[in-house]
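Encoded as structure tokens, here's the structure I'll be asking about.
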Amino acid sequence: MSTLFNKTFALRRRQKRNRYRSGVQGIVGLALMGMVIIPVIFAPLIAPYSPTALNLSNVLAGPMTGGHILGTDQLGRDLLSRVLYGGRVPLIVVTAAVLLASIVGVVLGMTAGYLGGWIDQAVSRFADIQLSIPSLLLALVMLAFAGSSLTTLILVIALGSWPAQFRIVRAQSISLRKMPFVEAAVVGCVPAHAILRRHFLPNVMPMVVVTATLSLSAGLLIVASLGFLGLGIRPDTPDWGAMIAIGQTQLGRSWLLAVAPGVALLLLLLGVQLVGDWLADRFSVQGLLARGG
Amino acid sequence: MLNVDKLSTDIVTAAGVVHAVDRVSLSLERGEMLGLVGESGCGKTMLAMSIAGLLPASGSVVSGSIVLNDRDLTRLPYDEAKRLRAQNIGVIFQNPTSALNPRMSVGSQIVEALNPEDRTSAAGADRKCVELLGMVGVPRPWDRLSDYPHELSGGLAQRVLIAIALARNPELLIADEPTTALDVTIQAQILDVIDRLRSELGLGVLLVSHDMALVAERADRVAVMYAGRVAETGEVGEVFRNPLHRYTAGLLDAAPSVWSTGHGRTRLLAIDGTPPDLSAPPPGCRFAPRCKFSESRCSTEPEVVRLDNGHTYACWKPAGELLEATSAEMAPDVAPDHGAPPDGDRGQPLMSLSEVRKEFVISRRVLGIGTERRRQAVAGVSLDILEGESLGIVGESGCGKSTIARLLVGLERPTGGTVTLHGRKTAADGRGEQTAWRRTVQLVFQDPYLSLDPTMRVRDSIAEPLLYKGGRKRAVRDLVERLAAEVGLAEGVTRRRPNELSGGQRQRVGIARALALDPQILVADEAVSALDVSVQAVILNLLKDLQRNRGLTYVFISHDLGVVRYVCDRVAVMYLGKIVETGPTERIFSAPAHPYTAALLAAVPGNAKRATLEGEIPSAENPPSGCRFRTRCRLATEKCALEEPVMQNVEGDGGGAVACHFPLARTEGIPLG
Amino acid sequence: QANELTIGVPNAIPCLDPACNNSQYERSVKSQLHLALTSVNQDEQLVPQLATSWENPAPTEWVFTLRDGVTFENGTPITAETVKANFDRYRDRSATAKIAGSWLADIQSSVASIEAIDDSTVKFTLTRPWTEFAARLASLPIIDLTWVAEGNDATKGANASGPYRLVSFDPTSAIVLEANPAYYGEPPAYSKVTYRVLTSPAARLTAAQAHEVDVVLALDPQDLAALKGDSALKVGAVESSRNYFIWYNTSRPPFDNQDIRLALNYAVNKAAITGSLMDGMTSPSKGQVLNEPYPGFNTDLKPFSFDKAKAKELLASGGQPNGFKMTLSYPSGAYPGIDLIVQAVAAQLGDVGVNVDLQPMTLANWVSMLQGDASKATDATVAALAPADTQDVGMLKFFASSYTMNKSIDPKYDELFAALLKAETQEEHAKIVKELTQRQHDNAQLLFLFPTPLTYAINKSVDMKIPSNGMIRAYDASPAK
Amino acid sequence: MNPIVETTLDESVDVGAAPPSDPSRRVPLSPNRASDEPAARGRRHHRSPITLRFFVLRLFTAMLAVWGALTIVFFALNMTGSPVALLVGDNATAEEIARLTTEFGYDRPLVVRYVIFLRDALTGQFPESLQYHSNSLDVVLERIPATLLLSGLGLLLGVTVGLGVGYLAANGRWAWSRRVPLAIIVCAEAVPPILLGVVLVLIFSLKLGWLPTGGSGSWKNLILPVTLLSVYAAPSIARVFRASIVSNAHADHVRTAEAKGLSRRMVRLRHIAANALIPVINLIGVHVGAILSGAVVTESLFSWPGVGRLSVDALLNRDYPLVLASVCVVAVGFVIVNLFVDIFIAVLDPRARER
């Protein structure tokens, strides 16, 4: 008998640990994100030097020399300051782009899912078409010919990530449309826009948030890759991707040049992913649409 | 053969340990059928799964024994117990379609279950599969082997599951609500199969169900469970005729039945409250908090009393012969019947359907390739809804009941025919008129869990239609409180979110929301079928009260004929998109004129002249010519295949109409069995 | 293996038809497969090749005597008729329009006719005096025209006549050559050569570090330091014929003002940039667009010194005492180190109050800007242009007023340049060039920066000299003693 | 009360109406056919999964996607003017540019050029590449084998590792075997490929000297880029597979399988893992796009002569026709892969066939 009771306790312990662990995952993720994002936001206050102030007499200085904690780059600019500032472009671009993509995806997805018919067909096909061009390639085409600026970068990243949001929101909206509580609203003569706002939006939100975290990390990678391929923002604006590209030839002399921005990006991505996983766990466990509580 | 002694099963959840089964003792002999009944969540499934060794990962048997043929399964090593169970216990589940692997063909799923010696050759295995499928009455078993689960109807899938369960010649069959998801007619077929197998193979059957009538009809013995414990066991006839535990008595009172007389007259006797939380069950008698007869000693655990005839119960204040007397005393608020009897003219048709059709396109042709598939959900229905009546619509699954409901409230537009409200066509109206129409007709949904937005507080759900009617915030709030009170929701409840409510409370919210716009017609599509008997009784009473107080007209859709008989004045019987018979409730139930109505009634458990309607409903994509019911009708002739019967009046006795070439005369009664 | 050579080149080599023009690397490969009438050797001297001798009997007449017995790989002899046919094709606008772009524009406008006088003599009649005509011919090899007729598909071979023949052709990855048995001269020292395409600077660096290539060009100057410690490599740079300069959009204020143009020349500390970014591989330009490799290099001119005070003074006298804002475009990644250089220059201009808005462009967009409308161009642009033939005319042509950026402030420049095109003797030519460079210097028509260093890393087992025009030919290499 | 006799009797009335498209209700012509000569029919547990309609529908969508991709790219490329500038080089005169603009037809209206382009594209006659001076489609097609090799191997490795780790994470015997590989792979997902590529070269080519820094030709050239590409694919496959296994483990049909007395391994493989593959395969379809994107970076990093690098080079050199051809080929490839994915899913999941 005692073995059976032991089993019960073991089960209970495991359950507790799982809950604890997934909570920890979220906290670690948020901590990592904060660790990168906060210094980047407050770069003007924290950074010891201007990211563009060059000193041609002290190029490629090693770490901890001459007041440069991470050393200097090829133009004698303080690497730490550049890493701090270098996160601003990716963060601004990706946040704005994901926000934009989410709004577009949610609006189109809800409309297409709710209305169905040719509108749905048209938007869905457009999303399919968009998806058939790999997003980096599409971004390259757009940037090479529109030139890269903050706005074009944002648009290009948003263009690449709205289909994911759209598809998910649309699929959810299609099943929501058949939900009795939505039909009840229809029967209660609630206008379509109100149904979308009051019933669809809150119910698709969890998935939207989870998808947005996925787009966030994909977007960060694309911005970095674009910078790396030389299609990022103008080169005197520090940007992690471009910094890695410029630093990669200096690995022998000053490996920090490529690795420092790379690690900053890595920590941010890791944080975003952990938070995303955690949110996904959270929401599917709660399963807002699932029966019961 | 099977002896369960003081079995306890715990489930570990985030909220705590649920004692789903608590010191339960049972026994079952070969060839015997033991029914296990009780409200939802009382531990029936967990008990069955403990025996079958299929508990969820978080669950485990913590004490007691399960002795199968003299071997205690709880004490055997894991592998040995598993082997023993696989050999001796077959299990079938509630939802047959999802219990089959959607990815694998029927054949390969049966083959997997065969004994190794039956699997030595492919052809041999196939033959064995076919044999099994034949045994459970699957037509053309060879053709089924390559079918996939989603291509099977519920009845067929359940037969396949039984075939799988029988693959190793078990001695014990555990059937967990095997027919809850099925129609009455299919339910009867499946239970017939189980009955036959029981006698042919000497199977012992543990039948889990919440349908008392079904257990009463089929089982030899019954065990009534409440909150993880067995409240009462005994011979079926004895227990149901003479329930001793107050809980059993309450359950029996709560269920409206087709066969008991005097329906439409009295209120149902509901059990108040909800079953206790099994992670912290109340001390003493677990039913005490809901029991109208509880007294101080009920807070200690009642002893199990065993009578000579094997009838056991655990109650301090058994019902016994006192039942009749007390039930009146128990329900002081019994009200006399509301309206006038259903005879005579009830008023103007408020709403009418004439020759209404609804076709769904299932798949279109693509660039001229493939076939277009259309499904006729409603195929020419004419029906009047009279002011102040309760019209019942009954029929098997898929016959178009819900579609009619949706046409009535405007969720679907007819593809043919017209829907008129107050004599005005609805379909062609402009937006404003549409809104007015919709506000006159409201819908109550089947599923209390899905009919409320989980992200919204319930008072906002109720208020929603009012807000968009242009109500002022303050007035709306007051109205919501009034409505909530009217449907019997306590004050604080409206501030909660749906997941904090019980099923019954949610259904009350759903009704309040439908009433918010002060409609004339309330369409209730299976409004109580997802609820436990006890809750169902409460909601049915509520609906009746509302009708009386507000003068509502009901369109009441249900596949539960007992409920329909209790609620409705007039009934329309549907078969495959058409109405085959209409008439006053009493006439329909006592003297059905259409063979299908008769067959439907015959399939209801508890019918003395039990009979089973064979076959399944034909496809709505390609309905049979002439009379649609002819493929399953024993009276069908050549004429039925060639000519479509028209509605003709039924003589005398409250009248009504029937669409049959050979309507049954009153004296004929039910022609089957 | 001792007899094999691997050369890393920074551009794809997409086309082996000499009528195409993509890069000096492509020309290097072509010049080893096909013989031209003349050739420029690794000491940058004009030497005979298919022609054994030539003369210039009249300013507009050139006569070439061909080598006897030279054949293509498949045995077809190369005669005066072959040469004439080739040049007729070069001259035919419609035949070459799609592939040549403007690569043959000078031939098409300046060659009036070609005559095969006999089997081994060809005569060119020009429309103008062209003193460097023979040098120009070095970049126009003679090929088998049936190869062109058959679709000039390099994957099927090239029917070579030069020291090497084509073994395999993969334009973005590797081109493999082997010694051509049909070649008339000494067989080359390396019998097998691979040109490996390494488009990114990082790829070139790592390939050199891993000794995957024997010779590699166009490394980032700063990267050389990483290789200097490698005892197996010789690393260094030659001053190339490409000169970095900033091209003012002189049609637009304030660059129509000479003081401003001068001020900027004083404001930039070129020595600091060459010392750090270029790692000392080059030195500030001598106040002109020409440098040593050009025949007309003007030794009289001196560099503009770095003098902030003077710059400020000039800005003030130019009417911009508080500095001004300017846009500065550049072809990102097109020249070694350009992205860093512009940032350094911009920062230094910022020090004197000139606020620079950098505008990186792709090479293609940048080229279109240079050829578009001056009003749409940026205020200034960074360039490092060079003519294919390292000739003065080619270089000086860029600064005539027909070019977008120099809507001329100096009509005299155009006049002098027109005279240069008509110069009949070397002396006259040299004199005009000197005058032109002087004017450019005095006018501060450009912000002169420095010549790009043509960096290289060569395995010590290979003996090879890198010429200033970047032609990198395997037959110029030999195993080191 | 014999149901078989009953139904067949009824259905004999019904023969003409029996719809062939609804297999569950197929009606035999002779009531007893079903039970004769079973052996001759062999094993009938499987049916051909693909209908013509299914295929045509998918193909149509696929073609639509390719057309759309081409259109988007065509207009994106042509919005910014003529590429003649690049062709003429830096020392051409204005009249030369004008002449070539006419020569190449860039003076025609955009719509006309679009129509001509579509017409030519239909026949495989893409405009000539400005750098390679031959049919740009041919130039791209020549690069296909290299890209296929690289992406194929990368995907294969990624999928293998992803499935392995996902399975282990769901079913590992010990706690560490469930967590450690998954944790590693989740961290790997966060490493930016550009950084990883740079670090891989630093370690394996420069420090250890085991592998070449780039280029193509030997199997050694493949190792680093393939590793890099597989890092794109493996983590999300592992995660989705794990999640899918976990959610499938609670499905009703798994309980049925357990009730049959199947071994735990059998239940896991056949009833859980195999069913859990369906979303993974969907994901692989999506991943092909990511891999192709990744190939752009990877090929550039390792000087791999594939379509990815070709398209970047073409873009930087403003070789419009070549860009169009590359994007077209990539889109076609992507669409074809997804066509296969759809078909494969239909094979795996009979329910998907009806959609």
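Read from first to last, the chains carry the letters A, B, C and D; within each, the first residue is number 1.
Quick note on the criterion: contacts are C-beta pairs under 8 Å (C-beta built on N, C-alpha and C of every residue); 3 or more make two chains touch, one makes a residue touch a chain.
Composition by chain, UniProt nomenclature: A, D = ABC transporter permease; B = ABC transporter ATP-binding protein.
Everything numeric here is computed off the predicted structure, so don't read it as measured data.
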Chain centroid nearest the full-protein CA centroid: D
Selected pair, greater C-beta contact count between A-B and A-C: A-B
Rounded Å distance, subunit C centre to subunit D (ABC transporter permease) centre (Cα mean): 44
For subunit A (ABC transporter permease) paired with subunit B, centre-to-centre distance based on mean C-alpha positions, whole Å: 48
Distance between the centres, which are taken as Cα means, of subunit C and subunit B, whole angstrom: 88
Residues of subunit A (ABC transporter permease) touching at least two other chains: 144, 230, 245, 248, 252
For subunit D (ABC transporter permease), residues contacting two or more additional chains: 80, 198, 206, 300, 315-316, 318
Subunit C contact footprint on subunit D (ABC transporter permease) (complex, rising order): 80-83, 85-94, 96-97, 99-100, 103-104, 128-129, 131-134, 143, 146, 198, 201, 205-206, 209, 212-217, 300-303, 305, 309-310, 313, 315-318
Touching residues on subunit A (ABC transporter permease), where the partner in the complex is subunit D (ABC transporter permease): 125-126, 128-138, 140-142, 144-146, 217, 220-222, 224-225, 228-230, 241, 244-245, 248, 251-252, 255, 258-259, 262-263, 265-267, 269-270, 273-274, 277
Of all residues in subunit C, those that touch subunit A (ABC transporter permease) in their complex: 201-202, 205, 209, 220, 222-223, 225-226, 269, 272-273, 275-277, 332-333, 339-340, 342-344, 346-347, 358-362, 365
Residue numbers on subunit A (ABC transporter permease) that touch subunit B, as the complex places them: 1, 4-5, 7-8, 11-12, 15, 19, 179-191, 194, 198-199, 202-203, 288-289, 291-293
Partner subunit B, residues of subunit D (ABC transporter permease) touching it in the complex: 1, 3-4, 6-8, 10-11, 13-14, 17-19, 21-26, 28, 34-35, 38-39, 41-47, 51-53, 56-57, 60, 250-253, 255-262, 266, 270-271, 274-275, 278, 348-351, 354
